[in-house]
Structures are given as C-alpha cells and as structure tokens.
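Okay, got some structures for you below.
Below are two complexes that have subunit A in common, paired first with subunit B and then with subunit C.
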Partner chain A sequence: MRLAHLWNQATCIGCGACIAACNAANYKSTDRPNPTWRGLQTNIKRIVFDRELKPHTLLVQCQHCENAPCVAVCPTGASYIDRDGLVKIKPELCIGCKYCMTACPYGMRWLDPVTGLPNKCMGEECQDRIKHGLQPVCVTVCPAGARAFGDLDDPNSEVNRRLRGARVIRLLEHKGTRPKYFVVVGR
Partner chain B sequence: MTFQEVWDPWLIGPFLWFAGIAGMGSVAYTLMKLFKVEEKLKELALIAFASTVLGLLFVVADLSRPFNMPFAILSSLAQGIFLAKLAQSWMTVGITLLFLLLLFTLLLLLRHTVAGGLAKLTDARWFLVLLALIGLLVTIYSGFLISSAPGIPFWNTGLIPVLWVISASICAVAILKILVHSEAVAHLLTRTGLGLDVSELIALLAFVLTPLYSGPEAARESAWVLVFGGLAPAFWLGVVVIGALVPLVLGFLLLKKEDRRLGVAAALCGLLGALILRILVIHAGVFEVLHL
Partner chain C sequence: MDLTRRDFLALTATAAAASILKLPPKPQQEPQSAQAGGEERVPVMCNMCGAGCGVYLVKRNGIMYVEPNLEHPQPGLCARAAAAIQLWNHPLRLRKPLKRVGDRGEGKFQEIDWETALNEIAAKLREVVSKYGPESVVFTYHDFYAWHMPFIAFTLGTPNHVQHASCCHNASTYARMLILGAGGPPTVDPDYERARYVILVGRVFNAAMGMVHRLKKAREAGVKLVYVDPRMGNAAMAEGEWVPIIPGTDAAFLLAMMHVILTEKLYDEDYVKKFTNACFLIKPDGTPLTEKDLGREGADYVVYDLDAKDFVSYKKAKNPALEWEGEAAGVKVRTAFLLLKERAARYPPEEAEKICGVPAETIRRIAREFANARGVIEDGWWTSKNANDSDAFRAVLTLNALVGSIETAGGLYIKLGSKMPGSATAAPDKVTTITGGTLPPITAKRIDTLKYPAVPHVFDAVLDAVLEGKPYPVKALIIVGTEPFTRDANTEKLKKALKALDLVVVIDVVPNDSADWADYVLPDNIFLEREELADVKWTPHAAIQFSHKALDPPPGVDARNGFWIMMEIVRRTVPDRAKAVGYTEEYADYHRFEKFEEFIKKKCLESLSKSWNVPVEQIERALEEKGFFVFQYWTPKKGPGARPTKSGLVEIYSLRALDFKDDPLPKWKPPPYTKPTRPDEFYLVNGRDQFVTVHAIWTWSIASLVDRRVWMNPKDAERLGIRDGDLIELEGLDNGFKARARVKVTNRVREGVFFVYNRAGGRFSKLITGQYEVLKEGINPNMFTLSWLEPLNGSPSLNSTVRVRKVGA
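Presenting the complex of A and B:
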C-alpha cells in the first residue's frame, strides 16, 4: 500500500478551509502560534510566490516520500514509514534533535511548542480517520474538490483516477526523495 | 530570505566547537604521548574531558525533548533500531562517538588526578590509538552531521567535514601553544599552525565562493549573506581576519623568533575564529525555496 495526496492547483480557490480543518481536527482549534511557520498550528503550509508578475499559491504538506530524508536521519527510529506508506512519528522514541526538520527539503515539519515534537501531516485525528476508512479532513472539507487521497497501488483509487491524463508536478523530484504529493497543474 | 531557526546557532555552534576541541585535543594527547612529550598532559586531558562535557551540554540544550532522551535511546537500543541506524544516521553515529569520547577522556582525567593506577590502561598504545581515532571521528562526524541535512542546500557540501577537521586542528594546536612552554615544541606548533591556517583560508574561500556562483538558489543566498550581506562583517572580521589572517601573520613573525605572548595571541585568535565560523555556518542556513 502506498497512500498519497493529490492537490489540484488549477481548481483550488485558496479558501484555506483545508488549513483551518487541519488545525481544528488535529490541534483542537488552538489559536496558539506555530513557532516554525508562524500563523496557525496546522500541517498545511501556504506559500505565495510570483511568476511572470502574477501571484501564485502553493499548498504544501508532508510529501510522504518513499525515500524520506527525515526517516533516514532520525537517530532513534522515531520517524518511520508505516506499512500504509505514510511517514509517521513514534513520540516515545523522539529526543527532539530536530534533524528531521533540517533534513526535510520541503521544510514540512514544525516544532510543537508544548510537546517538542516535530509535527507534520498526518496528525493523530487524520490517522484515526484513515484507520476507519475515512478521508483526511483536508480532503473532506475542500469545497472545490481540489484534493484527493488514496492508494497508488490501487488502480481504481481516486488519486490514480485523477492522475490519469493530468499534468502533474512532484516538488523537488531531483532530490531523489520520491515524494507522494502530486500537484495537478492542468490537463 | 529567512534563516533556518531549527538549530540554534548559539547552541549548535558552540557544540560543534567544543566537539572539535575535544576531538582534535584527544588526537593531540595521543601524539604527545607517542612522541614522549610529557609536558602539560594533565591539563590537556582536563580540557578534552571538559570540552566533551560542555559540548554535550550545549547540544542537549538545543533538544526539544531532552527529558525523553535517555528513555528514547535505551528503548531504541532495546528494539535493535539504534544499531541499525548506525549505518544510516550521522546523529546516531555521533551519539555513539560522543559517549565513547566521554568515557575515554574521563579515564584520562582520572589517570592524571585521582586514579594514577589507570596509567597502565591509558598509556597503552592501543588505548592511545583508539582515543585518537575516536577524537578524529568525532570531529569528522560533526561535519557530516551538518552536510547531510538535505533541507539546507548551503550545508550540502563535502567541504564542511574538511573545514571542520582543519579548523579543529587549529584549535588543538592553539591549546597546545597556550599550554606548552618548551621552545622546540612551540616552534613545531608554529609551523604546523601556519600550514593549517593556509589550508583553512583555501577551504573557506572554496566553501563560500562555490555556492555563491554555482549553487542552488538557497545556497547562493546563504553564501551571499556571508560574503556581502548582513553576516559579512562577522564573517570577514571574525573568521577570515581574526581566525585566519592574524594567526597567519603572527605565525610568520614567530617563525623568525618564538615569542610566548605573540604565540598565545595567535592561539586565542585561532580559537575565536573557529567558534565564529561554526556559529555563522549554522546561522546562514536557508531552507530550499519551493515553487512550481
């Protein structure tokens, strides 16, 4: 099993519902600041950049890399790839060295000021939802249907269905991380 | 541009500095023992042990879950994960090496203070060679630890471990220079120091100029800020002038005639430059820029 995320940049309306839902579900709607990314405590980061004088939005989160640097560098095995293909954290093994944070080329981990854990997608609530056959909250709440989640090894999964015929980018592929976060940029 | 704030430069910089001093200080101890220079060995043992302890204090101070560390490491060891990780993570290698160095330098210190009976063990050739090897590996590992973090492109260069070894060797020579009074040894140290200062200058220039002109965007930003930007005064004055050029000039003067005060001044400059270098390298890290 290789669970993966897909985000369609072309249909995303930038409402931020996924960000708010992640904060609500995984961090109990806390309004405490995210000390690493600033803003909300959430696992989805909004990046705004200019291209040809036009502002573009990029929503990024843990890429659940198949060759994850954060997993490789972790000294105790606290970061690991689970059988479902998702990169997860065992809090009891984490010493808080933050090597995973400097190793992630996407900068997709943030430091929880209370637990000291290098948080990332997926949060506990989303993991629980997946265990019970549900979708992660960011996918469920998206009003534009810009998000999908599913198994790359299942040809009939929603992710594979949407990947067919789409123009897709994987971020920083040259790093050799084999990310499983697909950005659809058109057809 | 935003600098990385994951690793605190004021904690990780001094950790790397102390690790270098402890590591190459241990190498220096072995060389002095093997070449039968018996002067100030007790002081050198104390410095190597104290540097290891201080380095560990600084690195633990940067952990976000320090109280979970003993349990996490023991648990990882019990599950066999820690041993497997030795082949994957420089952090795992580092934890192991630092523990060994702490043990070895503690034995040295005890041998020179309260447990003279340990001399049979610590003066053995195999012990000294092992001590030097562990010391060298601690210095090298602390370079690979930084250079193997793919999130910060400026750090992803094989020059960091090389620079760390050169710079830590300068620190070890500097400490010996401060401790030892023998003119013959001081002269040998002056010549060694000169060679190291020249090597450091070359490595430093390669370290900042290569990414400045041909590195990825984030690495270019880091190099730019060191060479021309906000960190440039600290880099040029602290690292290049105080850390390398002043010891180099003083070294040439000392070649003609050894002078203890000048030698100590050059040593202190070298030590200070090595500390500033490590703080700046950590400080200047910038994460990869993401866009489509």
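Presenting the complex of A and C:
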C-alpha cells in the first residue's frame, strides 16, 4: 500500500479551507502561533510565487516520500514509513533532536510549542479518519475538488484516476526523495 | 504500548470540554461515518460570511471541526467555515455587556449586567422616540438577523432597517432590476455547472462555495474562466485568464465587447428577438412607441413586423424587425437594437483601450470567444467599487442577453424563490407580522430611499440625516453584527455622525472598530449558538435550510441571541406594540424565548407547507436530519418566462430607467475620485478573497492567511525605489487622509494600481490586544474615500486614489 496525496493547482481557488481545516481537526483550532512557520499551526503551507510572470500558488505539505530523508536521519526510529506508505512519527521514541526538520528538503515539519516535538501531515485526527475509511480532512473540505488521497498500488484509486491524462509534477524530485505528493498543473 | 500523539499533547480544555447540544440522527447516506465510532454531526448554515453555505459541525474524538454538507443545494466550505471554532472560543470575544465610561471613540468601558444594559438602552430610546418619533431610530446590519430585522424595526415603529447593501451590491442590484426585473445578487447567477465560458468582472469566487462545487463539472468539460480585475485574485492563479484592467473602466471594456459582438453579428438573433425588447421602436424623446401613439386600441409597445409590413404589438408580431427605422405617428422611430448598436459604437476597441488599458486585440478576442462559446458574465455581487459600477453591470446583463445566456444552460439562471415568508410587512394601512400581529401603519418613509429612490439600504443617507436633521432627525443607531468603519465610505463623516447621535448601541461578537464609539456593546451569539430557519441562497433551486444550535457559548462568554437582545430592547421601549405582535414580558426569561422562536419557525413552516403543498412534517424531518429541504429544482430553459419588467421581456433598453430619468442604455462614466497623474500617484483598489468578512477576519486562521500589505507592481516599485517589505505612507488625493503600511511587490496587481484586502487591516479598536494586534497593521482603504455615491442607487466608490511616499525599510 502506498498512500499518496494529490493537489490540483489548475482548479484550486486558493480559499485556504484545507489549511484552516487541518488546524481545526488536527490541532483543535488552536490560535497559538506556529513557532516554526509563524502564523497558523497547520500541516499545509501556502507559497505564492508573486514575481512569476504568471503568478501562482503552491500548497506544500509532507510529501510522504518513499525515500524520506527525515526517516534516514532519525537517530531513534521515531520517524518511519508505515505499512500504508505514510511517513509517521512515534512520539514515544522522539527525543526532539530536530534532525528530521533540518533534513526535510520541503521544510514540512514544524515544532509543536507545547510538546517541543515535530509535527507534520498527517495529524492524529487525519490518521484516525483514514483508519475509519474517511478521507483526510483537507480532501473532505475542498470545495473545488482540487484534492485527492488514495493508494497508488490500487489502479482504481481516486489518485490514480486523476493521475491518468493529467499533467503532473512532483516537487524537488532531483533530491531523490521519491515524493508521493502529486501536483496536477493542467490537463 | 501504542501511544498516540494525542496522548502526548496537552489538550486545550475549552474545545474538548464543549458539548454539542443537539444530536440529530446520523445521515444515512454517509456509510463511512457510521464506521467512525462516536462521531456526531450537526447540520449548520455557515455564517462566517453572508453566503450561508451548508455545513456540518462534526465532533470526532472530542475534537470539533466543520465539514461540508455535500447533499445541501449550496454546500460549503472555505477557510472561514473551517475556522469557525476559532471564532467561537476567540480570546477577544465580547463576554459581557459593556457600558461606555470615556468619550465616544475612546474605547473605555465597564462591564454591566444584561438587565441594566437593556433597561438603560430602553430608557434612552423612549426619550428619543417621544421627542423625535420612532423613525429617528435606525438599525444597521449585514446578514445576521437580516430576516428578523423588519419584525424588530416595525415593532419599534421605525421603517429604518438599513443594511450594508449600498456598500456591497446596490450597483448590480440596480442593473438586475432595470434589465431583468430581478432583485439582489442571489436572484441571478451563472449556471456554473454547465458553463462553457465565464467572465468574472472584479469577482473571485470569494463567498458561496456551492458555486465552486458546481463549477467542478464545467472544469472537467474544459470551461474557460476570464477574470477582469486590476488585481489577480486567488482563484485567478489557477487555470484561467487574468485581464488586468484600469480601475473604474469595466463599462468601457464591456461596451467595446458589445460593439464587437454587434458589428460582427455574433449575437443570437432569434433569442434577442424573442426574449428581449430589442425590436421595440423608440421615439426621439427616448420613450417606446405604443399602440396608443398610433391611435389604436390598447397600450402595448409596438414593433415593426416584416411579414405584416406594419406596426404590430410586440406580443403579436410574427417577424419583428431588429434593425428598422422610419416614420411612425409623425415622428422618426428606431429600434432599441439600433440605439444599443449606436451606443456601443462609441466604444470601438481602440477607443476603449485608451480608457481601460486592455489591448484592443484582447477585447476583440475575448468578445469573439465569449460569443462563440455562448458564454456567461457573472452578474455582480460586491460591486461598490467606483461609483460607476451600475453601468458596468447593465452592460454585463445586456451582453448575456445578446448571446442568449439568460435562463439557458450555462448562462445566467434566475433563481427559483423558496417562498419563505417575510418576518413582517409594512403596508400603507397596517403592519402585519409572521406571528399574526397587526400594528398601525408606519407613516414615516425610509430615510435612504427619500434620497436614493431606486434601491434601498444606503447607510450614507443615515449619516446625512444624523448630521443635517433632514429630511427628519436620526438620533439613535443600533449596529448589529456589522462594521461601518470597514464597510462604509467617508470615515470622517461616520465619526462626526457617531459623535452627534444620542444613542449608539453595538451588538456584536468581537470588538469591531465601531464598538469604541458605542454607548453600549452587547455580546451576540455566533451562528453555532443559535437556530435559524433561512432561505438557501446562491443556488438556482428553491430550498430552505435550518441551522441547528450546535454549541453554547464557551464558559465566561455571556452572549445572547441577537434577536432576543433586540426584542428585549424593543419590548422595554414600546411594551404595547411588542405585545401586539405576540412578544410579551414572558420572553424576558432567556429560556422562554426559545418558545417564541419555535412559534415563529412553526408559522414559517406552515406558510411554506401551504405555498408548496408539502406536509409540515415532511419539511421538518428533512430539516432535522439533513438541515435543508428542496421544494423545486431549477432546470435550464430556452430563455426566460415573463419577467417583472415593464414589458415582461429582458429589457436591453430599460424602460424602468426612464421612470428614474436615467439613461435607458449603459455607458461609461469616469469614476468620481481624482485621477492619478503624477509618478507617485496611484489608484487604491480593495477587494476580497475567501478571507474577508466582519467576523472571519478575526480568527487566527484567517488572520494568518490574509495579507495586510499594500500590493504594488514590480515596475512601479522599481521606478520609485521601493522594495518588498518597505514601509510606505499613503495620502488620499481627495481627503488627505494618511496611513502607513508595508509593501508587497507582486505581479498580481496592474501597474499604477495598489491593492489591499478589504476589512483586513488598519483596525483601531482599543479592545484589540495580544497577538490580534496584527489586525491594526496595514490600512483600512475605506478611510481614503469620500461620499461618492451613484445618484439613484447609492452605490459608493470604495476605491480611491493616493500619493505614496517611502518612509522606512
């Protein structure tokens, strides 16, 4: 099983529902600022390329890499790739050394101000949701249908359905991370 | 041991301890959630903005969050709904009634109890009413309690419930009235589901998320979206074309498109003949030729029938001429179509380019693409931008009509009404209420329509009456869940008026700036804390929804239902009138008040049941389980049925405009503010994305997503030696107002134009503290404006022009 996220840049209206919903579901709507990224405690980061000729947005989150640098550098085995293909953290093994935060080329881990431990996608509530057959909250709330989540090993999964016939990029592929976050840029 | 992260985290007590009050049965079409043990879902109408999207408040694993109600005819959601819990337990939520202890504007208060607050307000109102009459009391509001407001105001005896509308949609509402005989923005919208080509003029899908859901199908079918806007909104960064236009010139662009479509004969001739009044013959004085003019029986408008070779009533013509001119009844007449063509000919693309800054070739290409695709142009919602916007939206509706895109698949739909009864009606002989009450008629006229006769809800007219005492004095203002400082134009006038009033009451959730100017500030419920039966807007279908009460206010927040607050003020002011509409002292007990609400709900459901011939129980069950009920589904047609215009047709030549002595055809007029001419002078435009509303902007999620900087084009920045992040000072060219902000250098704004988000920054309330002081960063663009209002509909210009100066790095 290789669970993966897909985000369609070509249809995203940039409403931020996924970003705010991640905060609500996984971080109990906390308004405590995110000490790493500033702003909000959420697992999705919005980057706007304002100076491009055609400005565009990129929503970035944990890529659930198949060759995950965060897992490779973890000295305790707290960061690991689960059988479902998702990169997860065992908090009881985490010593808060932040190696993973430094190693992630996407900068997609942030420090929880209460526990002092790194946070990332998927949050606890989203993990529980998929365990119960629900979609991650960012996928559920998207009004534009710009998000999908599913198993790359299942040819009938929504992610695979959407990957067919779409122009897709993956981020920083040259880093050799084998990311499982697919950005649809057009048809 | 399998320890989860949740066990590790210190739980925030408030969210976890909160109880969801009402637990309707789990919807059966959600088999997935059935597996998710312990999940509770409450159907709610989101009220983080006025769109009222259908959502669920979900409680799973002790965590509360919002999910879209996907079966709902207008499903959510955006970041605002997702941030709803942050509003609910907001640290700056108004917790107790406050009474002013300093001067107005100082923001100094003491906490008082509800009983004292309500009694003191009522005592003051009694004094005002006895001296100046009940019409001297004005309620101003946005969407919260909008349905209840006539009931509240009319019971007090004032006709003056004055919404935010002039600073939102009066321009496009006027256009819809003139051309379609339609009403406010939800009455007409694009059929996004089937749209092939959509042009959005200054619009960004910022509110009703159901529209975005419906657009999904069209996206799959390859719809093209075109955004005509001086700045590039968030949605425009996805697939689509952005047409950066000079502010205040939309009408010129649209009329040039029209010129291309008319001269190249790209319009749908059959549709235009059948569904519009293009064939009407217009006399030299601008009025239409009638049977009466020809000395015939009847008073029908007349067309020239090419088969009959004679003048015939438009209702009977077989082959009416679209382009005809000649003698009739001793005068020269021409078809409305020829007059429209002549009008559009004033705006050939090359001339329009000089006005709007869009290359002539782009105008031509978009006109052809639009016509060939039988596209649709969005009909306008927030259109109070340049005090010339009603002409732009008249051009929009005319263009839709020309290509056959009204009441057709992929064109504009005309919404099916839900027949939701009003809360109260003021007839010339009496006032009647939903509760079965009757009151003597209200003789005073609305203060706004005395000055702006075409469209009501012009708050600027209230300010004039406060300051001038004409046409009659206004002495008390009750501001309900809205924020004049970030809503209305002309801040200086607003401040003067707030100083001059005898009584100012603010009913709100968080300290919006006008709280500082209030004598009393009363804490209101948020939508999750109260029930509401409402029309489903922003869907073509006829439907109602019921927002369940999902939560009590968090501990320490003694907020009350605003309807109760206002009815208690009214009852304590005019007890006999309150009694006459069924509101007695019994309901002063907050818990008994629920009975009153239930009674009103029952009356509404009985009325709906009768109107649609559906049993009350059936409606109630659906509202209980799913939160909505659809009475009738809209389907595309070949064109509109009889419209409530003077002719019953789509009036591309507006006869209603003639009644107002307005031009029957659209034109471009320059905006009222001083045009920027020097190198350091700029347009200051403001706008929205899914972040901007009176309450949502307060949540940390939205405060973190929104940008409070002033956007500036890289070429302008380079020219002026300004860099990203620099501190600049802006000075209004027309009012000299100065304010400072940081700069964002971005290609998302046209050269010569600055952009800021509306409502996002430049706040000043003294009640804003801690991390939320970020709301004071940036500028409030409204403060650079004057009372530039369109004469008939009162639509102001919230855009302005400024001089810029770098003051720091």
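Throughout what follows, the second predicted complex is superposed on the first by the 182 of 187 C-alpha atoms of A that agree within 3 Å, B and C clash if a C-alpha of one lies under 4 Å from a C-alpha of the other, contacts with A are read in each partner's own complex, and residues count from 1 in each chain.
We take it that a residue touches a chain if its C-beta (ideal position, glycine included) is under 8 Å from a C-beta of that chain, and two chains touch if they have at least 3 such contacts.
Computed from a predicted model, the values in this text were never measured in an experiment.
A.B. asks: When the two structures are overlaid on chain A, which partner does A:Ile19 contact: first (subunit B), second (subunit C), both, or neither?
C.D. replies: The second partner, subunit C, only.
A.B. asks: More residues of subunit A are touched by which chain, subunit B or subunit C?
C.D. replies: C
A.B. asks: If we overlay the two complexes on their shared chain A, which of subunit B and subunit C does A:Val60 touch? Say first, second, both or neither.
C.D. replies: Once the two structures are laid over each other on A, A:Val60 reaches subunit B alone.
A.B. asks: Taking the superposition on A as described, I'd like to know which of subunit B and subunit C A:Cys104 touches: first, second, both or neither.
C.D. replies: Touch partner of A:Cys104: subunit B, not subunit C.
A.B. asks: In the superposed arrangement, which partner chain does A:Ile169 touch: subunit B (first), subunit C (second), both, or neither?
C.D. replies: first
A.B. asks: Contacts for A:Pro69 in the overlay, against subunit B (first) and subunit C (second): which applies, first, second, both or neither?
C.D. replies: A:Pro69 sits against subunit B, while subunit C stays out of touch.
A.B. asks: Is A:Glu124 in contact with subunit B, with subunit C, with both, or with neither (first, second, both, neither)?
C.D. replies: Second partner only, subunit C.
A.B. asks: Does the superposition put A:Leu40 against subunit B (first), subunit C (second), both, or neither?
C.D. replies: Once the two structures are laid over each other on A, A:Leu40 reaches subunit C alone.
A.B. asks: Is A:Gly116 contacted by the first partner subunit B, the second partner subunit C, both or neither?
C.D. replies: first
A.B. asks: If I apply the document's touch criterion, which positions on subunit A are contacted by subunit B in one structure and by subunit C in the other?
C.D. replies: Residues common to the subunit A contacts of subunit C and of subunit B are 9, 51, 56, 92, 115, 117, listed in rising order.
A.B. asks: What residues of subunit A sit close enough to touch subunit B in their complex?
C.D. replies: That would be residues 9, 36, 47, 49, 51, 56, 58, 60, 69, 72-78, 92-99, 101-107, 111, 115-118, 169, 171-172, 175, 177, 183, 185 of subunit A.
A.B. asks: Considering only the defined contacts, which subunit C positions touch subunit A in the complex?
C.D. replies: It is residues 1, 3-6, 8-12, 15-16, 32-33, 35-37, 60-61, 63-68, 75-86, 89-91, 204-205, 209-210, 212-213, 215-216, 219, 222, 232-235, 237-239, 689-691, 699-702, 704-705, 714, 744-748, 771 of subunit C that touch subunit A.
A.B. asks: With touch defined as at the start, can you tell me which subunit B residues reach subunit A in the complex?
C.D. replies: Those in contact with subunit A are residues 4-7, 62-66, 68-69, 71-73, 75-76, 79, 81-82, 84-85, 88-92, 94-95, 145, 148-152, 155, 285, 287-288, 290-292.
A.B. asks: Which part of subunit A faces subunit C closely enough to touch in the complex?
C.D. replies: Contacts found on subunit A: 9-17, 19-21, 23-25, 28-31, 33, 38-40, 42, 46, 48, 50-53, 55-57, 89-92, 112, 114-115, 117, 123-125, 128-129, 132-134, 137, 140-141, 143-145, 186-187.
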